[in-house]
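As structure tokens, here come the structures.
Two complexes follow with subunit A in common, the first pairing it with subunit B and the second with subunit C.
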Partner chain A sequence: MHHCYIDRHSGIDSFIHRLDPRIKLLSLITFLLFVMFTAPDSYIAYFLYGALIIALIALSQLPVTFVLKRASVIILFVAFIAVFIPFTKKGEVCAASYAGALQPTVCYGGWHMFFAILLRACLSVLCTVVFMSSTTFSDFLKALERLKFPSLVIMILSFMYRYIFVIQDELMQMWRAKESRSVGGAKKLHVRALANMIGVLFIRSYEKAESVYISMCSRGFAGGIQTMNHLKLKTADVFFFLIIVAALSGIRVLKG
Partner chain B sequence: MSEKIVEIKNLRYAYPDGKEALRGVNLDIFEGETLGIIGPNGAGKSTLLLHLNGILRGEGFVRIFGLDITGDTLSDIRSGVGLVFQEPDHQLFMPTVFDDVAFGPINMGLDRKQIEDSVKEALKEVDMLDVIHRPSHHLSIGEKKRVAIATILSMHPRLIALDEPSANLDPKHRRDLIYFLKKATLSKIIASHDLELILETCGRVLLLDKGEIIADGLTADMLRNQSLLESHGLEVPHSLLNGYYQCAG
Partner chain C sequence: MHIPDGFLAAPTWTSTWLFSIAGISVCLKKVTMVLEDRIIPLMGVMAAFIFAAQMLNFPVAGGTSGHLLGGALAAVLLGPYAGAVVIAIVLIVQCLVFQDGGLTALGANIFNISFIGAGGGYIIYRCIARIKNDRRGVIIGAAVAAWLSVVIASFACAVELALSGTSPFRIVVPAMLGVHILIGIGEAVITTGVVSFVLKVRPDLIYCPKKEECQ
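Right after this comes the complex of A and B.
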């Protein structure tokens, strides 16, 4: 079975796609830090960050709908949490309700904070989606390895990427086997069958992990995974990183 | 006389649940030999293979390439004995084919040039050089099996042990596998239920049942012995039945 939704658009041949994954990762971290430390009311700065992201999307040739769709999943999650902020902040009240036991009040400061968090989340997620979608997962792991991220974290991510589809396939096969024998029956029974399937999946994953470990040991595994370094920093990579840092610093100075 | 590369005497192994998987196995394998291991399900074939590079260590005497399996010799033995597992998803655990095939050579401490050469050579051997940068999970089962063999070949082993190599393969990929096994000159141990494959590739066959060696002899003689095979849950390959096929239709 072919699964490609993780690396769906990572094969496009664009300027951003061709960049060294380490540079993309560093640029992303720099961008996130700048956004994070921007004052909540610096709307001009947020606007310019947005303009920078639009330029990055254009350079990456990623379909805009794809970027927005991916980003919306996380943004909705952030929005759900941030929606309570206007009610918790103290200050000048802009709206209040005296009905019910809670009597919620909303302050201007709270609204500002809510919008700032939402904007930061949108910008951060969009930038992450652009850089991550233009990098294959294996290159991303290599970048983490070369940038000396903890090897245990990289190993966990690597196994997750390799086996998530295998486990997903197994669940699907079990589901089909169940469906092909499901002739009526109460809903409760189906839920119980699903719970059993998840249990079986855990046991199978555990056994699979043992087999994989045996296979690793057979090929000389001694506690650490190393891969060959194919990454080579080009002038364009360094140039791109410097431009990103200069643009972000420019935005920060401009709004100050 | 060729060098004895595997020497096993009175090997016994029981799984943690108490089930005895090997009960006094005696076996010698010589350099350049292709040995088939046959037997019904649960006979102990896979367990025996796992003893060849020290993954499992039962009671008894096991010597590989003249070396006892100890902590000091383990890495030499594992470099020399390549295990190809039945399930290729267990063998291919890295994000890309290149990383998977390079895993063994990197652990062996080879230099960059040697690693790259070994990887390309091994993939070429199994005709899979064109998928070198693809993620393993995008391959078909036949391709995965071939890449799994390449992960072992890149380590330049003296002996490869294959567990059910033709399981889940379509006829063409099975034929390619047989061709590869016949062509490869290194020592091989093939544990399989596919007796036609054993017949075509192995010079000697070992019949294992309930953890014991029942018979050990030349392939042509062993696989013609109908009563022996049938009493251990196997049957004579069709190609040896003198054209006596029964068609269901």
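Right after this comes the complex of A and C.
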């Protein structure tokens, strides 16, 4: 069965993978905030952030194709929204063309805005890939727990993580059964079969959730899940975080 | 419709983040009042269900394919608060694990898809189902709610982009609405199919705010 692998590359043994998940989460947030609050026209700053990210990707040993594939989710949005930006900003005109009544003009402000958005989007998505793909989901949840994230949300997330594969498997089985029994036919029937399949899946999931709850209760569930805490902050982790913060603020001061 | 990082201006994404945090905590409180501890497995498994259902592609005209978004479906089946929570959880996982939607834009995405989409969809559904209080009413309500939930969520997304100065109103609103009016049709067809199936097989599972109203 084809699955969307959640922890596909989080088992690699690299410096980034070994970092404490809390540090990774904090570094990610710090990096994103720095990138978001950088002026649109400070290209050198974006370039340096990019260099930092490339260094992190290299350190993490994640396959480059995987990183690029994950990062490519922004393409749709860029193609739909961002391409219009250069044409819509008012200001000093840098190029104008006469294409009928439209007369698209491109201004410097528009270009700056366009590149800033593109660069910000790319940098943030790459950074998220590096830090999140190098952490297993359960470690990530544990990091959230230690950072005092609301425990209800963490427990819901952990249940979702557990059952994604189970439910996906059931859906794939139904899908395969449908595919092997139906060839051609009207599109309407396929859509109805699909809707019924999702309906069956809903009922099964709901019943599964109920029976999970009953078995949780019979095992003494008292409103919380105790997990072992193996997260320990090492000096390397603290140094990594300090270096990241220093590098980011260095770039900021240099080319803010 | 998942906005990546960088497309929203700081005031927009910070305010939508704050609003989303407040909204989710209200929804969680409301759901916990009804379900108590049962909320944990139910919300988790339902989020996994919506996530799995989103993977199924169905053919749309012209060789393209679409997939279910599930906002209105979750709201109709589970109620407005639980539906919003489930969709928000799905969005969090999509953002963090699959980088579908940015982390700074997550607040805006939750606001659009979970509150405006699922919550707004539920209001529309209830209005129609109350006017025509039978099986037909539920199905028509679900269909209209599914279509509108996609359209209004994309409208909210367009407004946020316009407010951020990313794209002017007159371009981004027609572009987003134009695409999502079509996507919404597929969403409405599938949602209707699912709701009418559940209505036939296990009508007791469909959320109903007051028990006496639904038989």
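Couple of notes before you dig in:
In this text, the second predicted complex is superposed on the first by the 212 of 256 C-alpha atoms of A that agree within 3 Å, B and C clash if a C-alpha of one lies under 4 Å from a C-alpha of the other, contacts with A are read in each partner's own complex, and residues count from 1 in each chain.
Here, a contact is a pair of C-beta atoms (placed from the backbone, for glycine too) under 8 Å apart; a residue touches a chain by one contact, two chains touch by 3 or more.
Fair warning: this is a prediction, and the values are worked out from it, not measured in the lab.
Using the contact criterion defined above for the overlaid structures, shared-chain residue A:F137 touches subunit B and also reaches subunit C.
Comparing subunit B with subunit C, the partner in contact with more residues of subunit A is C. Of the two partner chains placed by superposition, only subunit C is touched by A:R70; subunit B is not.
By the touch criterion defined above, A:M228 lies against subunit B but remains apart from subunit C after alignment on the C-alpha atoms of chain A. When the two structures are aligned on the shared chain, A:Q168 is found in touch with subunit C, with no touch to subunit B.
After overlaying the two complexes on the shared chain, residue contacts for A:S158 are found with subunit B and with subunit C alike. In the superposition on chain A, A:G220 contacts subunit B only, with no contact to subunit C. In the superposition on chain A, contact of A:L147 is made with neither subunit B nor subunit C. Using the contact criterion defined above for the overlaid structures, shared-chain residue A:K208 touches subunit B and also reaches subunit C.
When the two complexes are superposed on chain A, the residues of subunit A that touch both subunit B and subunit C are 4, 137, 158-159, 161-163, 166, 208, 212, 216-217, 221.
Residues 2-7, 10, 13, 24-25, 28, 32, 37-49, 51-53, 55-56, 58-59, 68, 73, 77, 85, 89-90, 92-93, 96-100, 102-104, 161, 165-168, 171-172, 175, 179, 189-190, 192-198, 201-202, 205 of subunit C touch subunit A in their complex. Those residues of subunit A that touch subunit B in the complex are listed here as 2-4, 7, 136-138, 141, 158-159, 161-163, 165-166, 208, 211-212, 214-222, 225-228.
Touching subunit A in their complex are the following residues of subunit B: 50, 53, 55, 75, 78-79, 81-83, 85, 87, 89-96, 98-99, 102-104, 106-108, 112, 115-116, 135-138, 151-152, 155.
Within the complex formed with subunit C, the subunit A residues making contact are 4, 6, 28-29, 32-33, 35-37, 70-71, 73-74, 77, 80-82, 84-85, 88, 113, 116-121, 123-125, 128-129, 132, 137, 140, 150, 152-153, 155-164, 166-168, 170-171, 175, 187, 190-192, 194-203, 205-206, 208-210, 212-213, 216-217, 221, 223.
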